[in-house]
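Each of the next two complexes has chain A plus one other chain: chain B in the first, chain C in the second.
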Partner chain A sequence: MAPGAVLPRLLGAGEGPGVARAAGAPPGRGGGRGRALSPRDAGPACSPPLRPDLSARILSEPLKHADFFNVKELFSVRSLFNARVHLGHKAGCRHRFMEPYIFGSRLGQDIIDLEQTATHLQLALNFTAHVAFRGGIILFVSRARQFSHLIESTAWSCGEYAHTRYFKGGLLTNAPLLLGPRVRLPDLVIFLHTLNNVFEPHVAVRDAAKMNIPTVGIVDTNCNPCLITYPVPGNDDSPPAVQLFCQLFHTVVTRAKEKRRQLEALHRLQGAPGPHPADPTAPGAPSPGAQAGLGVDHSP
Partner chain B sequence: MRVWFFRSCVPRPSLVICSSVLGSPHVAPTKMSRRRSLELVISDLCLMNSSPCWLPQDLGCVSLLSPHHLPSFLEGSGGQKGRFRFRYRDSAGSKAPGMAGSRLETVGSIFTRTRDLIRAGVLKEKPLWFDIYNAFPPLREPVFRRPRLRYGKAKSPTQDIFYHEDQIRAKFYSAYGSGPKAFELFNPNFKSTCQRFVEKYIELQKLGETDEEKLFVEAGKALLAEGVILRRVEKARTQQEGSQVSQKSESMGVESQTALEENPPLNEVPQAQHLEAPGEELKGLSPP
Partner chain C sequence: MAAPCVSCGAAASYRLFLAGRVSFAREQGLWKAAAAGLQTGTSCQILRLKHSPAVTTKKNVAALRRESYTVDFIKKQIEEFNIGKRHLANMMGEDPETFTQEDIDRAITYLFPSGLFEKRARPIMKHPEEIFPKQRAIQWGEDGRPFHFLFYTGKQSYYSLMHEAYGKVLHVEERQDQLRAKGLFSEKPKTKDPIGSRWLIKEELEEMLVEKLSDQDYAQFIRLLERLSALPCDAAEEEFVGRFRRTVTVQSKKHLIEPLQYDEQGMAFSTGQGKRKTANAEAVVYGHGSGKIEINGVDYLLYFPVTQDREQLMFPFHFLDRLGKHDVTCTVSGGGRSSQAGAIRLAVARALCSFITEDEVEWMRQAGLLTTDPRVRERKKPGQEGARRKFTWKKR
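Moving on, here comes the complex of A and B:
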């Protein structure tokens, strides 16, 4: 990872007032430092970096479990239903590539299949958790003005970044010019709304695919899920649905970072590499050995 | 093993295609598989050093090409009017030190492109997400697909959702309109007058009654006993509504007719049945 990246500029470039730049560094990172400093460099103030073999073990350990962060317990089909995630647009707005995810059409309104949504959401949350665990930068993108404050505050509170304003062309593809010479691009882009205000696919979907950045996206029945790495078919227009998704992503990112801190502290306390360390502080301790995983056996 | 490169007409570093080929040497004839093998093949190169080097040995990529493959690629690419885009990159445009990349979002998924770049030795460091994607791949590979229109009689396979209770609801709405009580859509456990009517109807049906007219009347009477007054919509009024411009009433009228007529194809989807009661209220769709 390239150090010294000027991360707040990633948010502020080309934007008007009101983006998170005015409020300084998000909590959980620099904590009180000025904008000029990268929030991520503030970590080592407390502890020296781990030995490479220990950090390699920390990185490889979560990948062996199917659901290391236990994201399945965070939601259920019933909770998705209560949040109105299954409601799609009218049949005339339907995108052709969303048809596999649609359960049926009730009096002209598409109903999204929540069983599939649950599977996709579990994969997406799991991926997000692993990226956050490895210290990846997550960017929340949306162009719906109704939820821009909610998304920005969600990103702020979990120590990640958001971009809910006009997306300047070249922000990802021409970053050295717009943001400065050595900028670290996000490692994951989460789309709460895949379409922009004129109902066209958001430019960042294509740009993230161009820059080989994985994406997680809530795709409604009028969206194109092709270029999104981990699409989650669901309603992106009702406030309860968007609030549920924001809360899920927030929980997952926080949980992953917390676990990372715990594992690092554990390894530091243990000192020498002992036998396989069981994680006693895991909120939902995964059973050792292989669990039957959902997406593990698929080959790309 | 051969390396092919082309000179562009302007005096700049030449375009280079370097490739590595996996799998069987047999070239499948279809468009999609040709694109797939091409996707395995093209890596976009970002030159690290400042001097514009365009000789194969300077590019640092491994190239294996069987001559059997390339001509078909060339023909395919030439004939298809630039669908396969060849990218030229020089060091001045590099994004960040140590970052190579492939910007061809229409060619494969990010994973296949990154994997091929790593295997070719162009991309030195594995990106952060690579191992995670490897361990937990998505259900569908995120490959670009061009949305095509449906022509002629081709229709989308999405089914309509109908329940047996819809017939009862259709009769209720045509007789009584939307009922005396307003619909409270924010309440997830809301039961409209129509829903209560339908429940009474089904109860009476379970008791053994078979005649629809009788059941209808009996259910109405049962609701009356509970204190719900149902006002019949007059026939003249329904005719007026039918002739009005308002689309909702027309479509509802049409819907109720179609629901009544669709007796044979009314097979409810099995999973839908247990979601019927709360789903009815939550959608709040039923137009007056």
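Moving on, here comes the complex of A and C:
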């Protein structure tokens, strides 16, 4: 499968809003906030902010590599198949714009092309990791009651936010009125179910596009992938599939935050600009990922 | 990107507004001057427009504005309250350490006697937590990240409560499944306290969460709690459910039953009082007798010629199957024939409470024998012929 031919509009578009958004948000993170029922995996609290040149270097480092966080190793086409991600709806429910992503139809049930899914998923996870690395707010959105508890628990355990309840009208577009005067909007919205309970596109898809917030979405064969920045064609109705996606997003976000903590600690120890910021000698688990990301993966 | 734009937009629009006002005033002044010049012919005189920027357009009254108190302000108020409490204790000559809220209330009523009828308008000195309404502190940190993971839903406390309760339901069901797999599961019937506690009402829940709720939200929550309490829970879950139950005082337990009294011959008797409209009755019921009733020294057959009134007297005894077993001596005054009968009936029922068991008292209460009839004569209103009857309506 030639990935270049399939991807419609992704490679240039993805980085821009993320970078602009992260630059707009204050880079340093202050500590000492009292937290009750807060997301468990908090950022580097109670540490003085880094010098601007060091933080600029930390932020620019992952952008030089195609797969800095090595998200490819987290899944494979076989693991997607085992989680039943390839199963779509019946051919009558098919959405016109999902036809490019469908491999074929078996006994009236659409089968999603897992090679394309793998490519899209890798891009989506990579983007999520970058957003989490830069301290962005990630909002998990879904309207399926069956998985509401799972998604909220996933969001809580990786230190991000979830919204699996009734979506009030102007939540994103009229946020200063509904949420507070100087509220910060999410930097990425991840849809685990793009449709709401009446099989219509979720309002947040359109609203996030209006507010220039990039979106990642699991699109099934009856969904509209148009307004989603990083669509991932896949099954959103089977429990194993949704569990797999939740686990992937959780791993990716925690990995990115951990990497950020490590890099900041490294720079603090080194003080003055060190020889090579992403050292192979850096401690911690994702170091093989960093190594692999550095030397090998400069894919065109 | 909405957040920075809003603040600078607001500032920019404010500056524009001011500039607009000044230029508008100047324009008006010039226009008026020009008009005056045209009319009177003296173009040098510039009429100054008396520009009074009064706040009459918007209702900026303090009572309608939403007062939001900062955390520092509340803290200062609490410190002042504590210091004032100690001063008050010294003033009253009591120990500042053991000065309770009741002592404060007594001291204030002593030092500031008020003749106002409205209790809420009288001077009070209470802890600031009770006076200032509970508010939400700012929900996010310096970097803008909200503290609560469900912040973007709008109703974070309510949804996190639902999440927690549903998590407990899942946990209990999982435990049941494990027991069933091992074969140790036993169908234990749930024994719950039927009367004596109730679910908390919507207003109490709103107060607990400091959030507005809709009726459907509240109903969903209660349904989830009912589902959780129906499952076999252990101590932690029981405690969680117990947080949302309130005790209810059972009505019949309030009723004080007088003990039996004994006269010189050793006969047990009991007294009771009753009222109906303007009739007052006092009855003495003797433990052993033949069903004789004496009213104001006259036998009941002579005092109440009408059967209906005598049936009213019989009713308490008939209800308890003690028709010929008690003697009654009573006095009654005021009212008419029917209301005197009703008053005696109430007095007799109250007196009988001393002779019977608690269950029978509860049955009497439910039958309405122990309740004073609140109906009194309604006054006549001017412009009408009676209390309700209007004058005859004439078309012309």
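Keep in mind that, in the parts below, the second predicted complex is superposed on the first by the 233 of 300 C-alpha atoms of A that agree within 3 Å, B and C clash if a C-alpha of one lies under 4 Å from a C-alpha of the other, contacts with A are read in each partner's own complex, and residues count from 1 in each chain.
Note that in this section a contact is a pair of C-beta atoms (placed from the backbone, for glycine too) under 8 Å apart; a residue touches a chain by one contact, two chains touch by 3 or more.
Remember, it's a predicted structure, so these values are computed and weren't measured experimentally.
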Given the touch rule stated above, what does A:Leu227 touch, chain B (first), chain C (second), both, or neither?
first
For A:Arg206, decide between first (touching chain B), second (touching chain C), both and neither.
first
Touching partner for A:Arg57 - first (chain B), second (chain C), both, neither
neither
Check whether A:Lys168 is in contact with chain B, with chain C, with both or with neither, and answer first, second, both or neither.
second
Quick check on the superposed pair: does A:Arg260 touch chain B, chain C, both, or neither? Answer first, second, both or neither.
neither
Dominant contact partner of chain A by residue count, chain C or chain B
B
What is the contact status of A:Asn82 with respect to chain B (first) and chain C (second): first, second, both, or neither?
first
If you stack the two complexes on chain A, which partner ends up touching A:Arg182: first (chain B), second (chain C), both, or neither?
both
According to the stated criteria, A:Lys72 is in contact with first (chain B), second (chain C), both, or neither; which is it?
neither
Name the contact category of A:Ala155: first (chain B only), second (chain C only), both, or neither.
second
Which chain A residues come up in both lists, the one for chain B and the one for chain C?
135, 175-176, 182-185, 211-212
Touching chain A in the complex, chain B uses residues 95-98, 101-105, 109-114, 127-129, 131-133, 135-145, 147-148, 150, 156-161, 188, 255, 269, 272, 275, 278, 282-283, 285-286
Complex interface listing, chain A residues touching chain C
21, 24-26, 28-30, 33, 35-39, 43, 135, 137, 139, 149, 152-153, 155-156, 159-163, 165, 168, 171, 175-176, 178-186, 211-212
Which residues, counting only chain C, touch chain A once they are in their complex?
1-4, 6-7, 138-155, 159-160, 163, 166-167, 170
Chain B partner, complex, touching residues on chain A are 1-2, 59-60, 63, 81-82, 84, 87, 91, 94-97, 99, 102-107, 109-111, 119-120, 123, 126-127, 130-131, 134-136, 173, 175-176, 182-185, 187-188, 206, 209-215, 224, 226-231, 293, 295-296, 298-300
